[in-house]
């Protein structure tokens, strides 16, 4: 691996002119954005605008056709890249939770640090219990995913990602599959995380949440960033007609 | 049970054989014959256990190869599966033991007789394991296909390697999905061990058939034992497997 | 054969064909002879297996080089016998399989309907019969029928001998009956209970409901498993060779005997048996799968 001289004054995640297509379908058409350490970024936009694809590219679940994505100065789509190194730095939470149904909540959280990072089990268990407490699921350690509500499962999924002690967290429409009542408990967890200084990139439809928490909002449509800015200016005086139309529908 | 009781039971059947010559339960009162039955039963159990283990291993490895990126590996597995599924196990046994067995090297343990390195029991194990293994490959493959792609992605995004994902996430889930079909196949395998008689493997059926060939009056008694033992064996197995299936159920997952 | 047979490593010395690899050790007096099989497998070092594999791969060349009866002659013999094996041997296998399937299906449908009878004792009895014949090995049933059935039937003065292959049909019909019984029961129970209730509310009798409403709905569902059982049955027909019925395996053995039992014959003859069954059963399996898929969409 090449030595890189990244320091925290430079963007922790840097996306430059990224193109991505699935066969004939072009999903990302020259997208660029930077995220500084400790920032909370919300990506919003109509469905099919490539938001999810973008953050899946950031942790290498999808590859890109051209452009560059770096995390802490490291190129993600480098053939020689050690995916393990990348995934230690970048945690991801999915819309459908994707917990391992045959493992209890605690086992779900412990699995990756024990197997991937080869950390001592006792140490990991201590951390995992603390994380479960942090996402307010004390007492649910030994429940299986099938016995938990959607919101509870999603919080276990967040704890599972945090157990790897990542520097950046990706949230892919994490509340989209939840009942309205349970959305809040998940958002509170993310909010606490953001307030502790975790770098977060969220794809979301929760505009209230984005307005309150985001440092910067990006609006994507048809594979490009149409408009971006801090929440106050973005929501109050959007300039592009496409942004205006989207906001009028959603607010 | 006291010796006196055993002796009185033996005496009863000895009498029965004299008064009713068609019902000669010789294996109860003749310890030598009884031992042959026990030997046969033990061989059936050994054969079943070893073949079950090997066939599951073959199934896991085969299913893993079927997900391989190499076309030839997938074709090879597919060819193996289709061939062993669609040919009679009896002829497979004959083919392995006689046709392939003639090519195995021999050795001479006592300096007098030449013995093949792989005995008929060895060939029975190989042949039956490959037979049941072919079904297991298909069973595990469909189990693996039932594991959602998104769960696999989640495991990869946590930094697990392909092998780790296969061992800790895909297999445990696929295993539970496959369990009913797998149990069916394993029960079937135990039943198929009787066919090893064709290459003179001294399992239970072989012993019982040879006993009534030696003592023609014991025919009915041997038939009764055959029927009872195999139904009992398979029945216990089915009950145990059903209990296992229930025990393996994940709370809140699946039906 | 009452004596123990010898299994290398279990009750006799584990061995290799390469003497240099043999460990030098005397056997201490009183050492336990029958080690468990797992210990034997576990105690074989990996390089032994590798060596054995290489030896096994090269051995055929060594053997065939030593013999003066060539492979070509063996294949030639198979070529001469092939028409006889197919028209006399395999044809009997097929005949047995057709008759067995016919009897087994008729009996199985009856047994399956009894399994859902409104009378509890009929259900119990039908269930017990089904389980008994489903769970016992086919070969055991064949042996029992072979022994329990008379050699001939006397009606008045005429004596009708029963050929072995007819007994084989009876023996094979039992497990087919039991398995078809399960297929029928499963298919009927897969029809939603609402159908029964709707029919009852329209004053259909139980028989009418069954024949006019329920069975037509699950008939299609029964075809793939029925075909599957036919394929399994076809592959079970060589079992009857153990009872002396002159089907393909028996005839192959006889053919090899009349060709002086050269070991070179074994591969072509048994190989041919495998291939002919594959050629017959594989298309059935493909068809079963495609029917399964087609019917699955409509349900």
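Order of writing sets the labels: A, B and C. Residues in every chain begin at 1.
Simple rule for what comes next: contacts are C-beta pairs under 8 Å (C-beta built on N, C-alpha and C of every residue); 3 or more make two chains touch, one makes a residue touch a chain.
Note that the structure is predicted; figures quoted are calculated from it, not measured.
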Chain at maximum distance from chain B, centres defined as averaged CA atoms: A
Pair of chains whose C-beta contact count is the highest in the structure: B-C
Distance between chain centroids, defined by C-alpha means - chain A, chain C (Å): 56
Inter-chain centre distance, chain A versus chain B - centres from mean C-alpha coordinates, in Å: 50
Rounded Å distance, chain B centre to chain C centre (Cα mean): 14
Shared-contact residues (touching 2 or more other chains) in chain B: none
Chain B-facing residues of chain C, complex: 1-2, 4-8, 12-13, 15-17, 37-38, 52, 55-56, 59-60, 63, 131-132, 135-140, 143-144, 147-148, 231, 235-239, 241-242, 249, 263, 266-267, 270-271, 273-274, 277-278, 281-282, 285
Residue ranges of chain A in contact with chain B within the complex: 59, 61, 83-84, 87-88, 91-92, 94, 96, 98-102, 111-112, 115-117, 143-148, 157, 160-161, 164
Chain C-facing residues of chain B, complex: 32, 36, 39, 46, 50, 82-83, 85-92, 94-95, 98-100, 102-107, 109, 115, 117, 119-122, 187, 191-192, 194-195, 197-198, 200, 202, 205-206, 209-210, 212, 219, 223, 226-227, 230-231, 234-235, 238
Chain B residues within the chain A interface of the complex: 148, 150-151, 153-161, 164, 168-169, 172-173, 176, 250-253
